[in-house]
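Scroll down for the structure; my scribbles are underneath it.
Residue numbering begins at 1 within each chain, and the chains themselves are lettered A, B, C and D in the order written.
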Amino acid sequence: MTVESGGATTAALQDHASQAPGTPGTPGEAGGLVQLLTPEGERTDHPGYPLDLPAADIRGLYRDMLLVRRIDTEAISLQRQGELGIWASLLGQEAAQIGSARALAAHDMVFPTYREHGVAWCRGIDPAKLLELYRGVSHGGWAPEEHKFGLYTIVIGSQTLHATGYAMGIQRDGAVGGDGAEAAIVYFGDGATSQGDVNESFVWASVFNAPVVFFCQNNQWAISEPLERQSRIPLYQRARGFGFPGLRVDGNDVLACYAVTKKAMQAAREGQGPTFIEAFTYRMGAHTTTDDPTRYRLASELEMWKLKDPIERVRAYLVRTGQAGPEFFAEVDAEADQLGSRVREACRTMSDPPPLAIFDNVYTEPDAIVAAEREQFAAYLDSFVDGEGEGR
Amino acid sequence: MTVESGGATTAALQDHASQAPGTPGTPGEAGGLVQLLTPEGERTDHPGYPLDLPAADIRGLYRDMLLVRRIDTEAISLQRQGELGIWASLLGQEAAQIGSARALAAHDMVFPTYREHGVAWCRGIDPAKLLELYRGVSHGGWAPEEHKFGLYTIVIGSQTLHATGYAMGIQRDGAVGGDGAEAAIVYFGDGATSQGDVNESFVWASVFNAPVVFFCQNNQWAISEPLERQSRIPLYQRARGFGFPGLRVDGNDVLACYAVTKKAMQAAREGQGPTFIEAFTYRMGAHTTTDDPTRYRLASELEMWKLKDPIERVRAYLVRTGQAGPEFFAEVDAEADQLGSRVREACRTMSDPPPLAIFDNVYTEPDAIVAAEREQFAAYLDSFVDGEGEGR
Amino acid sequence: MTTLTLSRALNEGLRKALENDPKVLIMGEDVGKLGGVFRVTDGLMKDFGENRVIDTPLAESGIVGTAIGLALRGYRPVCEIQFDGFVYPAVDQIVSQLAKMRYRSLGNVALPVVIRIPCGGGIGAVEHHSESPEVLFTHTAGLRVVACADAADAFTMIQQSVSCDDPVIFFEPKRRYWDKGEVDTAAGVADALPLDRARVALEGADVTLLCYGPLVRTCLESAIAAREDGRSVEVVDLRSLSPLDTEVITASVRKTGRCVVAHEAPVYAGLGAEIAARVTEQCFYCLEAPVLRVGGFHTPYPPSRLEEHYLPDLDRILDAVDRTFGY
Amino acid sequence: MTTLTLSRALNEGLRKALENDPKVLIMGEDVGKLGGVFRVTDGLMKDFGENRVIDTPLAESGIVGTAIGLALRGYRPVCEIQFDGFVYPAVDQIVSQLAKMRYRSLGNVALPVVIRIPCGGGIGAVEHHSESPEVLFTHTAGLRVVACADAADAFTMIQQSVSCDDPVIFFEPKRRYWDKGEVDTAAGVADALPLDRARVALEGADVTLLCYGPLVRTCLESAIAAREDGRSVEVVDLRSLSPLDTEVITASVRKTGRCVVAHEAPVYAGLGAEIAARVTEQCFYCLEAPVLRVGGFHTPYPPSRLEEHYLPDLDRILDAVDRTFGY
């Protein structure tokens, strides 16, 4: 069964962010946190990021966030019921993901980690695909170019180099500057900033002025390790050591995430090179469903961050400004319920690949070792009489 | 044969650099180049680095530089004559190496690359040891702790992590702050700054506030690649992205190199953490004796840097200020001649290790695989009758 | 004797090591407050402090590289690599520095660093969490490579590894972390079987089954099942993968005349190849059949819903045993 | 036919690849103006521009990682690793990303990346410049691993590797770079021996000598010397290390009944083990002696003044050949 994803709903958002001139990130560099919507749902202005989104778009962002949170909740309970092996929750990071992903053009390329379910949603990846991975039915398996969304990457930081190389390809295709210009964006965590690969990608992006945006979701934790184990200064400042701008945005503010990403991507597309965005947010759940955060962090910290919930503030804003009423919220809730049960159903009806699928897609052309092993294993499986449970 | 090295001559220099308060590197951060002696040999002052060295010490620095240059010249010609497999020349980098190394305390630990012959000299490493390595008689083989000088490291950047780990050991030994405090210093090139390991060492040093000084000799080239292939901003600025100070020093000015290193090491010993020093210098020779720089750089560039020769300016200064006369220079030249011929002699009389030395020092305790292979190979060698040239 | 899980036995062994030598350090990602994702270092930071149990930044090359520096300063770091698939970023530091520095220094340097790697599959994990990269390290001279298979060995072997003056790559069979065994935590390690020796885990007469780590239990189960077919299988737990204890191995094969090697790592160019080649060379006239290998396939580790097919299990091992009787 | 050095033949092959497909890129340290430290890419930047021949920052993981990104964008990057010993920092990107991404994507992604590695010893170099790390890559499914041994193969195999849609680890025998050979630079590669096939380099009847890369020449010389002792040695140049061409190998061993494998890499857990194990399994009844292996020792590569003893030479190879007749 296939579950619809959010890909189709993005178009409307493409052209509203204003393109203020100047280096992206300058305001962040000055130490501030770019914020356009307070935790209380009040709209604030930021000189570097004027933004005037129509109500429909803001409702769209709310809907996206609510729906991906529902996918997340559903996945967690599926894991508890033994339907998934593990799940990495995005709880608390909806604004960072939806805001940034909705700021992308359709032809921009995305390189995610393993937690970017919100971004995947915006790129039209069927949530069932994500469940397949966490159920152990596949390692991902979607077609990156089709969705302009790379494969989930589990080895921390590797994908930052892929994104940078991809961006160098964009340059070589002459797709920087002008109409139809493209850029790449890569997601990674606060912990990832310590990896050699990530810093090498900063060197490359800077030296080649590659059209790539580094989107770091600083959710304050790398499993049990707090940010202080990775850096003694704010992460967005890392970029300046490599010669390109970095800025910090309120990662729980979907409007601000949208605006800063829009601007940074535009700068990249125009040939202004890379930007580092630190989305200051919080991992409200466990690292994964196998983790127990009570071993290493205080409940009070979570309580504090609950007050900054990324979805609540948009709801408050929509209500206060009259841009959405109870009907709208009821509709979205209903949609979420539907989505939830479809996701659950998709998971429950998922079938395992046949044993011999182990040997598929190792090489493009036939390989003698794989062929011989496959043949031997097939014969071995055939040697079991029916009922012994080993059949293909 | 053993050739004396410079180790014994350092003591006098230990305590002259003044300990101006404040963050090391602040002047450099501001964009300036710390310089205390102009290419013309004129003494200038720098507010962050007051320095008042007695004449004898300055003559000592001159002598060190002249002697290591002679070792270098000798080694190059030995390589041309087939006595060495290869040689990595320090020509042009004498001030960066001697200035920084003479600023160290005896108990500070040094981690070099493969080009730090000047530093090796100051740490009392017999130049013959360096020739052994480049002749292919050993991979280094000295005792790091004895000389407080690590083994030459050929894999670019690896030693930056070793230095940082060592510095964390200093912290655990309680040898930070107070009398007898220690620090580590690690040498690396401009090219090395692109390696993941080097950037990881910056993360570690910063997060643990380790007593380590990063001494980057920016000699403008990584084999054939100019600095622009590694960074689009000055290298000393890299450090600020990791939250510790960086500064740029005139790497051809032995006094400035001495002063900035002295201060940075002192800061590290006192618990102020790491400093990044970019010594702005030039590789006047080929990358190694097998390299042909005419393929990738203009002769005019070298000509320009010749005017900034690190030795000439000290000579000019000593002469102009009357701190040294013709006699002194003649003496040092004679000493260099002597040293040169002793180095040459040491190289020529070096014997190859016996074949079975291949199996030594792989493990501390006997290893069954090594033992079996050694035994088999010994029997094999014995199977040759005399005169077949395979004897042990 | 106490009944401990393998994971707990490691924890007790590490605790002993920390108590016995103030130079011993624990370092890695999440080894501190969390106690490691498998809880192997549980409680150690609390008891020995942050100076000795170090939560590091997230970078494996950094972990091994700084451990080398600490060892040069006289410490004995025990590094945890969180999962097998994450050891690759540290390969350069392991292969070019950790393994070679003693040689490079003509014996002037010893690097007593232990690198603990939870390895192998069978826990339903996502990609990169079920790898068996041992052959890479066995091919690298200067490293000792060992794998424990049960709680008792876990307890002693980790202590022996920590006190070994050579670098040790220490493989832990992650799907056996929760297996329980009897451990004499009061016993010292002085009288224990040395770190480089294999152990006959079950005596038999007809065929030798060589294995290590997670497959020791599987092989023992296979041997018991084989009895039903009237076959007497000798199971040898190799324990040390570099060096190999060829004495124990060849003695067994000379006795049985048949040999099967099993590991989870892919067969192609895996450690089983070395064992097969060596056994064949040394027992050429005694072999009734070629040494057969059972292991992972020449594919990446598959999604976990397929791992039961990928991993050598009782049936596949017995199939290979049977085949050795076909010659 | 033109007489070319092996290095020049590679250069011509790369030139052809660049001409034939605008998506082909060259990247690495010093590959541009300098033309590579071995001049394999000499003149290519001048002729194809900086967009297609890229001097990269000094970081091997970065080289391979960005090459993967470029391949995802539709390019066909040919990366140079300057020396064998410097491939280790790139191992993670090679093993966990390059090799596995096609599998991970269920075939939706192809990564036609070539990684050129000058390998082996014998040139009197300093540490880390004489390594033979091939077994690590052969053990990794998803990679094709090949080694050329002469100018003619260098010319065709590099082109075949570039047009292969799978990642290829391409080993170049650095001490043979200056060896000359006849190359038909006008010939296309369509009719050439496929990339995954071995080649009988010299026919013989009494014993099979399997080799690849730098040792092919040594083995040919050994075979000629063996004639004096009245021994007819068949030399097989494996060319492909993953997959192995077992057809050609077993046909030869079935004919001769004896087999020696030679490589520069350490014997212990080296590729020779796989070959020996495989040959033994498939030719069990034909073997008059166990497959013997000649190779590097279980030590780090020694200082160059000792390398003549470390590297398998004519005498050591013939010694092993002789020993196979002792059974």
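Following the convention adopted for this analysis, a contact is a pair of C-beta atoms (placed from the backbone, for glycine too) under 8 Å apart; a residue touches a chain by one contact, two chains touch by 3 or more.
It should be emphasised that the depicted structure is a prediction, and the values quoted were computed from it without experimental measurement.
Enquirer: Return the chain pair with more inter-chain C-beta contacts, choosing between B-C and B-D.
Expert: Of B-C and B-D, more C-beta pairs in contact link B-C.
Enquirer: Can you tell me which chain lies farthest from subunit D, using the average of the Cα atoms as each chain's centre?
Expert: Computed centres place A farthest from subunit D.
Enquirer: Round to the nearest whole Å and give the separation of the Cα centres of subunit B and subunit C.
Expert: Once rounded, the distance between the two centres reads 40 Å.
Enquirer: Using mean C-alpha positions as chain centres, tell me how far subunit A is from subunit B in Å, no decimals.
Expert: Centre separation, subunit A to subunit B: 45 Å.
Enquirer: When the C-alpha atoms of subunit C and subunit D are each averaged to a single point, how far apart are the two points in Å?
Expert: 31
Enquirer: On a C-alpha centroid basis, what's the spacing between subunit B and subunit D, in Å?
Expert: Centre-to-centre distance between subunit B and subunit D: 37 Å.
Enquirer: At least two partner chains per residue is the criterion; list those residues in subunit D.
Expert: 56-57, 59, 61-62, 85, 88-89, 92, 96, 100, 103-104, 127-128, 141-142, 242, 268, 297-300
Enquirer: Using the touch definition from the top, which residues of subunit A touch two or more other chains?
Expert: Answer for subunit A, listing residues that touch two or more other chains: 138-139, 155, 194-197, 200, 203, 207, 229-230, 362, 367, 369-370.
Enquirer: Given the complex with subunit C, which residues does subunit D contribute to the contact?
Expert: 61, 85, 88-89, 91-92, 95-96, 99-100, 103-104, 127-128, 135-136, 138-139, 141-142, 242, 265-266, 268-274, 276-278, 280-281, 284, 289-293, 297-300, 327
Enquirer: Flag every residue of subunit B that touches subunit C in the complex, lowest number first.
Expert: 109, 138-146, 150-151, 155, 158, 160-173, 196-197, 200-201, 203-204, 207, 360-365, 367-370, 372
Enquirer: Within their complex, state which residues of subunit A touch subunit C.
Expert: 85-86, 114, 132-139, 154-156, 191-192, 194-197, 222-225, 229-230, 290-291, 295-296, 352-353, 355, 357-359, 362, 367, 369-370, 373-374, 377, 380, 383-384, 390
Enquirer: Quick one: which bits of subunit B touch subunit A in the complex? Just the residue numbers, please.
Expert: 193-197, 199-200, 203, 206-207, 209, 228-233, 237-243
Enquirer: Enumerate the contact residues on subunit D facing subunit A in the complex.
Expert: Touching subunit A from subunit D are residues 25, 51-52, 56-57, 59, 61-62, 64-75, 89, 92-93, 96-97, 100-110, 141-142, 144, 164-166, 196, 242-246.
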